[in-house]
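Next, two complexes with chain A in common: one pairs it with chain B, the other with chain C.
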Partner chain A sequence: MTAASRLGTEPNKVTRGVILGVVGAVFAIPLIALLQFTFRDGLGGGYTLEHWNNLIGEDAARTYRSLFQAIGNSVVLAIVTVGIVLVLLLPTMILVHIQFPKFSRVLEFICIIPITVPAIVLVVGLAPVYGVVVRIFGSGAWTLAFAYGITVLPYAYRAIQSNLDAIPAVMLSEAARSLGADWPTVLRLVLLPNLRRGVLAASFISVAVVLGEFTIASLLNRTNLQTALLQISQSDPYVAAIFAFLALAVAFGLLLLIGRLGASRKRSRE
Partner chain B sequence: MTSSIPIASTIAPSLSASTGATVELIGVVKNYGTHRALNSIDFSITPGEFVALLGPSGCGKTTALRALSGLELIDGGRIVIDGDDVAGVPTNKRDIGMVFQSYSLFPHLTAIENIEFGLRMRRVSASERRGRATEALDMVGLASFAERFAHQLSGGQQQRVALARALVTRPRVLLLDEPLSALDAKVRVQLRDEIRRIQIELGITTVFVTHDQEEALAVADRVAVMREGVIEQIGTPEELYSAPSTPFVADFVGLSNRIAAELVDGRVIVHGASMALLGEPMADGPVTAFVRPENVEIVSSGVPATVVSSSFLGSLRRTQVILSDDSLLSIQHHVDLRPQQGDPVFVRLTASPVSAVRRTL
Partner chain C sequence: MSVVPAPALISGDAEAGPRRHPLSEPVPRHPARRSLGTYLGLTPFALYVILFLVIPTVLAVTTGFFTEDGSVTLDNIAGIFAPNVLSTFGSSFLVSAVTAVIGAVIGALVCYALLGTGAEGTLRSTIDSISSVLAQFGGVMLAFAFIATIGTQGLVTRFLADAFGIDLFASGPWLYQVPGLVVVYVYFQVPLMIITFMPALEGLRTTWAEANATLGGTRVTYWTRIAIPVLAPSFIGSLLLLFANAFSSYATAAALVSQGSPIVPLQIRGALVSETVLGRENMAGALAFGMIAVMIIVMWGYSVLQLRTSRWQK
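The block that comes next holds the complex of A and B.
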C-alpha cells in the first residue's frame, strides 16, 4: 500500500476503473454515435459506405464546393492565428518574463480575460471593430484571425508560461549574452529551443480552438468549417456528420500530440 | 603579462593565448529606485590578478560584478577594461567570460556544444571550434563527458563545463558570480583550487564574488570587503586578517571576540593586556575590541575563566570560556590541550594589534 493511498488521496483500482469508464463513456458515446450515423443508410436502417464514397466521388468537388472552401478558410485562419501567437504573444511573454517581470501579472490578467467573456458578448464588441478591419484589410476570410488571436490567448498563454517558468530563462539569456550573443540570437539559439514544448502546445491548442469555433464566425457572417457544417447539415446531415467527426478527430489528434511532446522529449534525453 | 606566468603543460596553446587585462572601476554608482546599491566604487585590478569581492548579502558585490559584465547598466562613473571605457558597451560586446551560480548551461546542448557556443558567436570555423572546445573540456578534466547534457552531469561537473565555456573564447576578464555556492563542501574546495590553478596558468584577470570569507582568503590575490555599496577595505588576505582597517572588516573576516575594553593613550587595555590600535586613531574612552581567537591563550596563571565548550576542528581546537564578568571568549589552541566543560582555567590576551569601535555606556 502506498503512502498516497493510505492517506486516502489515491482511489483503488476498481474506483479508478469506474471513474475512467464513466468519463470515457461520456466522451465516447456521442463520438461513436456520430461515426455510426455516417454509415446509416437513410431512414430504412442498414449500413452503407455511400456517404463516405460521395466525398471522394467525381462530383464531390462541385457538390461540396462551399464546404471545401470553408475548410480552406479554417486552415488559413488556423495558420494566421498561430502566426499571431508566435509573432506577438511569444516575444511579448519572453520580454516581460526576462526584462519586465513586474508586468507579468498585468500580462497574465490581459491574457486570461477572453476566457471570462462569452463569445456572443465578444462579438457585440467586435462587430464595429470589424467595420474598421474590413476597410483596412479587406474582407478576406483570414481577417477573422484577429478575433481568434484574442480568443486563443488564455490557452496559448498558459502553455507558453508553464514552459517559461520551468526553465531558468533569465540565467540562460545572461549566460548567452556574456558569451557574445545579441538578443535575436539569444531568442533563436537559446530560448526557443528550450521553449519548443510550450510553443508547440500553444500552436496546436490554437489550431484546435480555431477549427472548433462557430459563434464569432457565424455572427460576423463569415464562413468557416463550423458554419459550413451547420449549413450543409440542413441539406445533407451525413456529410455534416462526417466532417464534424473528422474535425474532432484532428483536434483530438493535436491534443494527444501535445500530451506526447513532453513525454517524448524526456525520453529522448534519458 | 602572460609571459611572466609559467604556463603548465596541461593548458592547451589555444587557451593560453589569453592575456590578462587591466580593469578599473572609477566612481561607479548604481541605484535601484531610491536604494543606492553601489556608492561610488573605486578599485583597479592589474593584469592577471585574482580579486575577490567579499561581503554579506546585499552589500553590492554581485551588483558590482554585474556592472562589470554589462548585465546591469550603471548610473554614474566609469568602467575601464584595458583602457577602453566600456560603461556603454552591451554585455555581448565586452569580451568577458562569466560563470554563474548554477544552472546556466544550455539544457538543449551537450557539454561540448555548450563550450562551442561562444566560439560560434565569434564565427570560428566548425573544425577549429570542436578542437578548441575539446581542449577546454580537457583542461577542466571532463574530456569523456563531451556528449553529456547538463542534467546528466553533477553540480560540480556542470560548473566545470561552465568554466570551460567561459574561458574558451579567451576573454579579457573572467567574472565568477558565486560559482561554488550551490556545491557541497568537498567539491567546493576542489573546484575552488582548480579555478585558481587554471587562472594562474592562463594569467587571466579574474573577479570572484563570494560571501564565504574562507573561500575569498584562500584563492584571491587581493580581497575587497564590501558593505552597503562601498568598499570597506581592499588588500591581500594577510592584510585583511592581520591589519583590518575598519571594525567591520575585523568582524567579518575571520572570527573575532568582541571584548569591552578601555582606550588609554591610544592603546587598547583589556584584561591586563595592552594592545596597539589598528586603523584610525580614536579619542581615549570605552571601546569594544575585536580580538582573534588565536590571540587568546590558555595559561597557568592569568584571568580566571570557566570552560563552556570545546570543539575539535581537525588541525586545531576551539574552546569557549566564560569570564567572571559573564563575557564569552573563543580561544584557538593546539589539539593536544583538551579542556573539559566546567574546567577552571586561566586565560591571557597576547599583545597583537586589534581593531576597536567606540562603546556607548
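The block that comes next holds the complex of A and C.
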C-alpha cells in the first residue's frame, strides 16, 4: 500500500480497476458496434468483408465519387486552416508575447470567444459574410477555411501558448537581436525551432477539428467529409460507418501524437 | 522616513531607465519605426478576427431585431416566448442539465480512479486522447455509432431481444428523439469532464492529507473537510462548461433527429433552411440571440469559478 492510498488521497487498485473497467467497457460498446456494423452482411446476421472490399474495388472511384470528393475538400480545408493558424495566429501570438505583453489578455480573450459563440450561432452571421466571400474568392471549397480558422482558435491558441510560456522567448529573441540578427532571422533560427512542439500540436488539433466539423459546412450548404457521411448514410450506411470509424481513428492518432510531443518535452527538460 | 523611501528611490531610478519594460527590447534603436511597424504586424490577425468572428457574431445576434426589409422590430424576439419555441428552450435546458450532471459525476469518478497513475504513462495518454476525440470531434460519427449500437438493428438492441426478449423500442423510436439525445450526449460529456476536471483533482496536495492525518483526521474527514470543499468551485465550473457544451451542440442532434426540432440548435436549422416562410432568417437571429444570452451567462459563471480554482492551483 502506498503512502497516498493509505492517506486516502488515491484509490486503491481494486477501486481503480472497477471504475475504469466498468466505464471503459460501457464506452467501448458503441465503438465496437460501429466497427462490427462495417462487417455486417445485410440484415441477415452474417459477416462479410464486402463493404471494405467495395472501397478498394475497381468501381469504387465511380460509386463513391462524391464521398471521395468530400474527403478531398476536407483535406484541402485542413491544410488551408493550418495555413491560417501558422500565417495569422502564430506570428501574432509571438509578437504579442515579445512586444505587447499588455495585449496578451486581450488576445487570450479573443481566442476563447468561439467557445462562447458556438458554431450554430456563428453560422447565422456567417451566411451573409459568405455572400461577400463568394463574390471575392469564388465558391471554392477551400473558402470555408476562413470560418474554420475561427473554430480552431481556442485549441490552437492553447497549444501554442503553453509552448510560448515554457520557453524564455523574450530572452532568446533579445540575445539574438543583440548579436545582430534581424527579426525574420530571429523567428526562423531561434523562435520557431523552440516552438516546434506547440506549432505541431496546434496544427494536429486543427486538422482533427476540421475533419470532424459538420455544423458550419452543413448550414452553408458546403460539402465536407461529415456532410457527405450523413448523406451517404441514407443510401449506404456501411460505407458511412467505415469512414466514421476511420475518421475517429485518425483523430485519435493525431491526439495521441500531440500527447507524445508534450510528454517528450517534459522528459527532455527533466 | 530616511529608511523607507530609499528602496523606492532606487526602484524609481530603475524604472526611469531603459529597463522600464523588462519584457520588451532593451534598447529600441528606432522607437518610432518599431512601434509603427510592430503595430502594423497586429493588423492582419485583427482584420481576420473582425471579418470572420466579430462581424458574424454581431450579425447573428442583431438580425433578430430586424424584419426582412430592414426595419427594427421586437416581433422575432417576442417569438422566442411563443409556447412552442419556449418549450424547445425547455428541452434544450433539460437535455443539457441532465447530461451535464450525469457526465460530471461519472467523469469525476473516472478522474478519481486515475489519481496516482503517472500523468505521462500510456494509460493516461491513451485516455486523454480518446477523451479529446469523443468530447470534441465526434459529432455526426457518434450518432452513427449509437445507431449501430441501440438503433432498431443495433448490436445491443439485437442482443437484448435475442437473449432476454427485451424490446428496446417498445415505447417508440426514442433514440431519434430527446431521450436518445440524452444517451448520446452523455457519451461526449463524460470525456469532456475527464479533460476539464483532471487538472483540478491533480492539484490536490499530499501535504494536505498528511496534515489531516497528523491532526487525527480520517480518510472521510480528508474528503469531506478538505478535498471536496477545495474541489467544489472547479467541479461546478466544469458542470457549467458541460452544460454549455450540450446546449450548443448541433452535429449529433442533426444526424440523429430527422423529424421535428426538439432543441434550440435544430430550431435554428429549421429557421435557416426554411424557404417557405419569409423572414425566417430573422427568426434564426432571434434564436441565436437567445442562445448566446444563455451561453454568456453560463460561461461567465464558468470563468468566475475557474478564477477561484486557479488561486490555489498555482
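The rule we apply is simple: the second predicted complex is superposed on the first by the 248 of 270 C-alpha atoms of A that agree within 3 Å, B and C clash if a C-alpha of one lies under 4 Å from a C-alpha of the other, contacts with A are read in each partner's own complex, and residues count from 1 in each chain.
By definition in this document, contacts are C-beta pairs under 8 Å (C-beta built on N, C-alpha and C of every residue); 3 or more make two chains touch, one makes a residue touch a chain.
Note that the structure is predicted; figures quoted are calculated from it, not measured.
Undergrad: With both structures superposed, pick whichever of chain B and chain C touches the larger number of chain A residues.
TA: The partner with more contacted residues on chain A is C.
Undergrad: Per the contact definition in the header, classify A:209: touching chain B only (first), chain C only (second), both, or neither.
TA: In the superposition, A:209 contacts chain C only.
Undergrad: Kindly classify A:122 by the partners it touches after superposition: chain B alone (first), chain C alone (second), both, or neither?
TA: Second partner only, chain C.
Undergrad: In the overlaid three-chain picture, which partner chain does A:190 touch, first (chain B) or second (chain C), both, or neither?
TA: Only chain B is touched by A:190; chain C is not.
Undergrad: Check the residue A:101 against both partner chains and state whether it touches chain B (first), chain C (second), both, or neither.
TA: In the superposed model, A:101 contacts chain C only, not chain B.
Undergrad: Considering only touches as defined above, state whether A:47 meets chain B (first), chain C (second), both or neither.
TA: neither
Undergrad: Using the touch definition from the top, say if A:172 reaches chain B (first), chain C (second), both or neither.
TA: First partner only.
Undergrad: What is the contact status of A:181 with respect to chain B (first) and chain C (second): first, second, both, or neither?
TA: The first partner, chain B, only.
Undergrad: List the residues of chain A that touch chain B in one complex and chain C in the other.
TA: Comparing the two interfaces on chain A, one with chain B and one with chain C, the shared residues are 174, 177-178.
Undergrad: Using the touch definition up top, name the residues of chain A that touch chain C in the complex.
TA: Interface residues on chain A, with respect to chain C: 2-5, 7-11, 15-16, 19-20, 23, 27, 29-34, 36-37, 43, 84, 87-89, 91-92, 95-96, 98-101, 103, 110, 113-129, 146-147, 149-150, 153, 155, 170, 174, 177-178, 208-209, 211-215, 218-219, 226, 229-230, 233, 237, 240-241, 244-245, 247-248, 251-252, 255-256, 258-260, 263, 266-267.
Undergrad: Considering only the defined contacts, which chain C positions touch chain A in the complex?
TA: Contact set of chain C toward chain A: 23-26, 38, 41-42, 44-45, 48-49, 51-53, 55-61, 63, 106, 109-110, 112-117, 120, 125-126, 128-130, 132-134, 136-142, 144-149, 153-156, 187, 190, 204, 206, 209-210, 212-213, 218-220, 222-223, 227, 244, 248-251, 254-255, 265, 268-269, 272-273, 281, 284-285, 288, 291-292, 295-296, 299.
Undergrad: Where on chain B is chain A touching in the complex?
TA: Touching chain A: residues 69-71, 90-93, 95-98, 100, 103-108, 117-118, 121-122, 149, 151, 162, 165-166, 169, 175 of chain B.
Undergrad: Would you mind writing out the residues of chain A in touch with chain B in their complex?
TA: The contact residues of chain A facing chain B are 167-168, 171-172, 174-182, 185, 189-190, 193-194, 269.
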